[in-house]
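Each chain carries a letter (A, B, C, D, E and F) given by its place in the written order, and its residues are counted from 1.
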Amino acid sequence: METLLNIWHDSGLYNLTAGQIAMIFVGIILLYLAINKKFEPLLLVPIGFGGILANIPQAGMAYSAVENAFHFGGAEVLAELALLLGSASANIAEMKVLYAEAPASIKAAASLIAQDSGYNNGMLYNFYSIAILSGAAPLLIFMGVGAMTDFGPLLANPRMMFLGAAAQFGIFATVIGAVGLTAMGVMDFSIQEAAAIGIIGGADGPTAIWVSTMLAPHLLGAIAVSAYAYMALVPMVQPPIMRLLTTERERKIVMSQLRPVSKREKIFFPIVLLFLVAFLLPAAAPLLGMFCFGNLMRECGVVDRLSDTAQNALINIVTIFLGLSVGSVLIAEKFLDVQTLGIMILGIVAFAIGTASGVIMGKIMNWMMGGNAINPLIGSAGVSAVPMAARVSNKLGLEANPQNFLLMHAMGPNVAGVIGSAIAAGVMIKFVG
Amino acid sequence: MNDIVAEGLSLLVFGMGFVLVFLTLLVIATSTMSRIMMRIEPAPTPASIKPNQGTASASQPNDQVLVAVMSAAIKKYRADRHDK
Amino acid sequence: METLLNIWHDSGLYNLTAGQIAMIFVGIILLYLAINKKFEPLLLVPIGFGGILANIPQAGMAYSAVENAFHFGGAEVLAELALLLGSASANIAEMKVLYAEAPASIKAAASLIAQDSGYNNGMLYNFYSIAILSGAAPLLIFMGVGAMTDFGPLLANPRMMFLGAAAQFGIFATVIGAVGLTAMGVMDFSIQEAAAIGIIGGADGPTAIWVSTMLAPHLLGAIAVSAYAYMALVPMVQPPIMRLLTTERERKIVMSQLRPVSKREKIFFPIVLLFLVAFLLPAAAPLLGMFCFGNLMRECGVVDRLSDTAQNALINIVTIFLGLSVGSVLIAEKFLDVQTLGIMILGIVAFAIGTASGVIMGKIMNWMMGGNAINPLIGSAGVSAVPMAARVSNKLGLEANPQNFLLMHAMGPNVAGVIGSAIAAGVMIKFVG
Amino acid sequence: MNDIVAEGLSLLVFGMGFVLVFLTLLVIATSTMSRIMMRIEPAPTPASIKPNQGTASASQPNDQVLVAVMSAAIKKYRADRHDK
Amino acid sequence: METLLNIWHDSGLYNLTAGQIAMIFVGIILLYLAINKKFEPLLLVPIGFGGILANIPQAGMAYSAVENAFHFGGAEVLAELALLLGSASANIAEMKVLYAEAPASIKAAASLIAQDSGYNNGMLYNFYSIAILSGAAPLLIFMGVGAMTDFGPLLANPRMMFLGAAAQFGIFATVIGAVGLTAMGVMDFSIQEAAAIGIIGGADGPTAIWVSTMLAPHLLGAIAVSAYAYMALVPMVQPPIMRLLTTERERKIVMSQLRPVSKREKIFFPIVLLFLVAFLLPAAAPLLGMFCFGNLMRECGVVDRLSDTAQNALINIVTIFLGLSVGSVLIAEKFLDVQTLGIMILGIVAFAIGTASGVIMGKIMNWMMGGNAINPLIGSAGVSAVPMAARVSNKLGLEANPQNFLLMHAMGPNVAGVIGSAIAAGVMIKFVG
Amino acid sequence: MNDIVAEGLSLLVFGMGFVLVFLTLLVIATSTMSRIMMRIEPAPTPASIKPNQGTASASQPNDQVLVAVMSAAIKKYRADRHDK
């Protein structure tokens, strides 16, 4: 009888908290969006599932050994930890604060104590340490993305990069929004948090994860979820803005065919980009360095088997671990916060402003080039969200003129947007990191 | 005005400025690189833009298709025999 | 001349111990079973080869840095270690015992001392730490197995799960056997060891490895080898038991065709299973959580590239490391023990009892449903050993009636057996872990 | 009776009991889920059970085979040309 | 204005040192050789690119957390590190020396201090730790190479192994060269460094990296680059030597067709080789053990999916990380040294001597067997550099006699050369490690 | 003579000696193994040496090629249908 009671007292159902219920519900919504609505499923399926796993009561899959000792530990291990952390009361809440503020050597000692008492890192926490804390996963994904990116359309018309630059205005405008809300007392974001939130507007998941790991790791869950969810919303968010800011005549502009680009140019481009980054903004070098490496593997033609692995087995493996790791930070204390609401709202604003800036820059460039050279619809592709934003440009172009294929032209600003937001990320890290 | 707002505005001005300057320099560098490349190797092959969308027409000459089928088949056949 | 003598004194042949010879022979037998008899070759080839590598004298490939310092260290490093461990005598055997009982912080310090003196972790020990000590490899394999499993046949007839449940009786009966042998003084197993041995009867390699890592890490080698070897013996062990317990008439029962199962049901099943596990037995959540994640990736249809990687590149990579790691614990001190003999005997008993329980449950269910609905031969598939046990059921069905294709019907209990033994694993860890 | 035997028996009773209860609940949950699904989407496609054993007959219509051959070949041919 | 100045002062261009410029140039040359000249591109593309990344000023991608704290740290963290390291002056150069000599426990403490102050391991340093410091990457590559190697031609004619043995003379002659230069005062190599340099002559990248990691880690960059670059030079270096040492008549010798080799022989060969290594030279067991494991997976025919992964996804992933890691040690302080020049010169000498020894052994064997049995041209293939050296033999054979296909005959010494240099590596580690 | 030169020479003599001895033993062991294998299984299949260079002639019998084409196509066709 006692055993039955024990089972019940250790069951998930008995220990379920309101926060866990809410977060499991968030996980289910993410799975629903991923599977039924096809919202960036490659990331949102692992994130959503990881979120559910992280919130299974008593399983402690997303906790470190020390956190597990805090949650499940007996008096003995808690006393040892209190001694180490210098907590007189052995109150768990106090100890958690002390632990969070402790130097790395104390943290390491606490981890050893927890392990001696039989508490181990949960599996999701292990994945999180290796994939995200080390910074490796976003960089490896960027390498894979580089190996998948064809810069041909951009090289054929390098001025398209201005569109990719303009669309990054959404990032910085969102920072202003975040600090504005803070100044007005509506929210409470530090400048680091504001910068990390802004990067959502870059429409680039790995970049957003990388920046928020460095500037605001406690917001990682909300930022990553927003970044991927809004990327999937591109086909809904962008068209009204694009229609509002362009005239029917502008949308009908047919752009001249792109010149062919030689293999050699494609080989040199990642090297040129790498050098510019290295010389001007070393803070962006890890991200864009791995991106250029991936792209060089793709284009150089002599390491196809490495390029193929970077685009397939390796990026898939890293995506699984990255997704589960992001899911592991979807826990109530961090996610169910008014900050998350602010992030969701600011994120969508960032997208909208980025789209508008891109389109307006398209109009300006078109006006400067005589009014018939650039269809401003391709400007919106500058937010990146490759290749969805380019497809949206193409779709609106075809609506206005069934012979107007903008896809290839929109790929230029689209890939430029990836570079642009990585540069913006580097600037953020340099200025406020 | 709040301190954090000042920081935010400075981030906006310098950040956006940096992005624009960087991409402008990238436009210049890329164009220069392309021009040099084209001088070295004047006539790039017209097929160098990869079709992502499968827009290329399906009217490939039949004999080439046949060659492809046969070579694939022979390769597969040998690979199979090889495994045994 | 002296150099030649040195070479000879450092050679493997000069240093070969009887235990190493025996263990190398065990490795060869495993390779023979894997290659010639096709006994679970995907695991037994790496395990057998790893076992040979681990027993190469003087190479120390399976030892940690500290163990290598104990074996090959000079007086100086041994004195330092003795000081750290508080051994007055600097006797190696005593120091090994002290080291095994030392807290994690002392172990970490010992490792740094050993490394300072030039002793490093052997490569197999590194693999073992990462793949097994962390618990990662069995979970990742379970993810891959989930991505390979089609629950269609089980969903078409969920009552088949009772067969998967019944077959787990082998697990618990084996525990009784192990404690009985202990009570009689024949063997000496703790309750943790008995539980870990019982799981062999679950016929599921990763589950057995995961449980024994947690409950009885020193028995890992014997348990893993038994689990995989006996799984391969299914076609020999099961048929006589099945024939004994069923009548000719029962074996001839033709089951009605399974109803088609919708994609949607298949998508929801892993989520339903995950929730039940989360709410009732969080201890099984890591194992079944990863399994459900793999299965959801398979069925949801929007992340095929991740599912494909989980089923191929990732599971293959993990299998190589897991196999070598299991091989690395095949060392004489741990394996050449009367316990191993007990494990081998109890393991096969577990299989036999599990098979019998499944068949008997099949008979009961058939009797309850009117005597012509369920062919009891499919009950034996409940031990899991996917898909071999299901094939055995099919084969015996065809023997009795050449038109009686039981394969699809046996797949239901077969995959239910995987769930059943994971649940049994969770119960073990909760009760005695 | 020995202590460890008592522990073992308790593990047998509660463990086996738990497994049975759990899988019974899973039967109920799964059946309920299936019934709800079938109400929502009444006619599942008959092809949804995947044949693991290649038991499907080899008598596929020839024209479909031909289409498959040709499409594979064209794809390969283009990929080859593309690599050059 | 101040901000602009800050940007400029933190830019790569402002901080670029002459050493970094030189090393970036080295990286570009490696990329040029890899892409334009097809010099071992699978390794030299990642190495070259990693070399550029490692030399981006201010990015610190190739530095550990402590090195980053030394380079970019403020007074506070430097004071803490000085206290830890026992440096009175807090002079960075002095602290670097103290750190290099500190025991592992002090190094670990320094790393925690650096991390507390916000300095982290650069990404390339992380890759280097995991791939190279642990020794894992060369071993995994060797496993993949084993899975790709067909020992059929060697089994058909085992005496070819003498050619593979003879060609290793280049390794030991180079050691003499290195110690000779030291004795003459031209260079300053320790015996460990001389041994590591000699292994370049083994024409086997992973072996060279593995040995230099153990014997001379500070020379890793120069040794790895030489090893891969010279392997690519085989078609230029070998022919003149081969022509010089052989007569027209010898080059025309047509060798008798190889006997067919049974599957069973191929399965047993890696086991025979493993046992010989285990019994005679345990120091070579990690390298040849993994090699034999890969080869057994290939030949046993029951684990094709593991063999396929070892030959593709896994070896490609490891190659990417290994290449970037080797690139990360291409930094000016270590690479721009007169030692590197010595290594480059000695490396090519090693190749030349190895080629000559192989050819001369071929002549001797031919003379002993009656003068018409062995074409000495296949002797040069004994340096390994699979399969390029065998192709060179074939090409020269065809030049002398258009019907003289030596390729299959040269594959025997070629793969024997891989074994030979791994044995030489083991001897080096045993004698001077 | 310098100490390091002595060390180098010793490395040369013993190292090269060891390599030669080891590979000689490997020749003996391999030959013995092969002889035993051939006694057990006297007639190895003649196709067991794998052609690395694709030197095998391209004149495979046409019907086998056809079988290969068809089987590949059928496989692909089923895989495609399966994915839907």
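FYI, a contact is a pair of C-beta atoms (placed from the backbone, for glycine too) under 8 Å apart; a residue touches a chain by one contact, two chains touch by 3 or more.
Keep in mind that what you see is a predicted model, and the values were worked out from it rather than measured.
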Most widely separated chain from chain E, with each centre as the mean of CA atoms: D
Counterpart interface for A-B, drawn from E-F, A-D or C-F and sharing over half of its contact pairs: E-F
Far-end chain from chain C, centres as C-alpha averages: B
Chain C and chain D, separation of their C-alpha mean positions in angstrom: 23
Whole-Å gap between the CA centroids of chain D and chain E: 47
Gap in Å, rounded to a whole number, between the CA centres of chain E and chain C: 38
For chain A, residues contacting two or more additional chains: 7, 280-281, 313
Residues of chain B touching at least two other chains: 10, 14, 18, 47, 50, 69, 72
Chain A - residues contacting chain D, complex: 3-4, 7, 304
Touching residues on chain C, where the partner in the complex is chain E: 7, 10-13, 16, 24, 28, 31, 34-35, 38, 41-42, 45-46, 49, 52-53, 56-59, 61, 109, 112-113, 115-116, 120-123, 126, 312-313, 316-317, 319-320, 324
In the complex, chain A residues that touch chain E: 103-105, 108, 134-136, 139, 267, 271, 274, 277-283, 285-286, 289-290, 292-293, 296-297, 300-303, 305-306, 308-310, 313-314, 430
Interface residues, chain D side, partner chain C - complex: 1-2, 4-5, 7-12, 14-16, 18-20, 22-27, 29-31, 33-34, 37-38, 40-41, 44-50, 52-53
In the complex, chain D residues that touch chain A: 10, 14, 18, 83
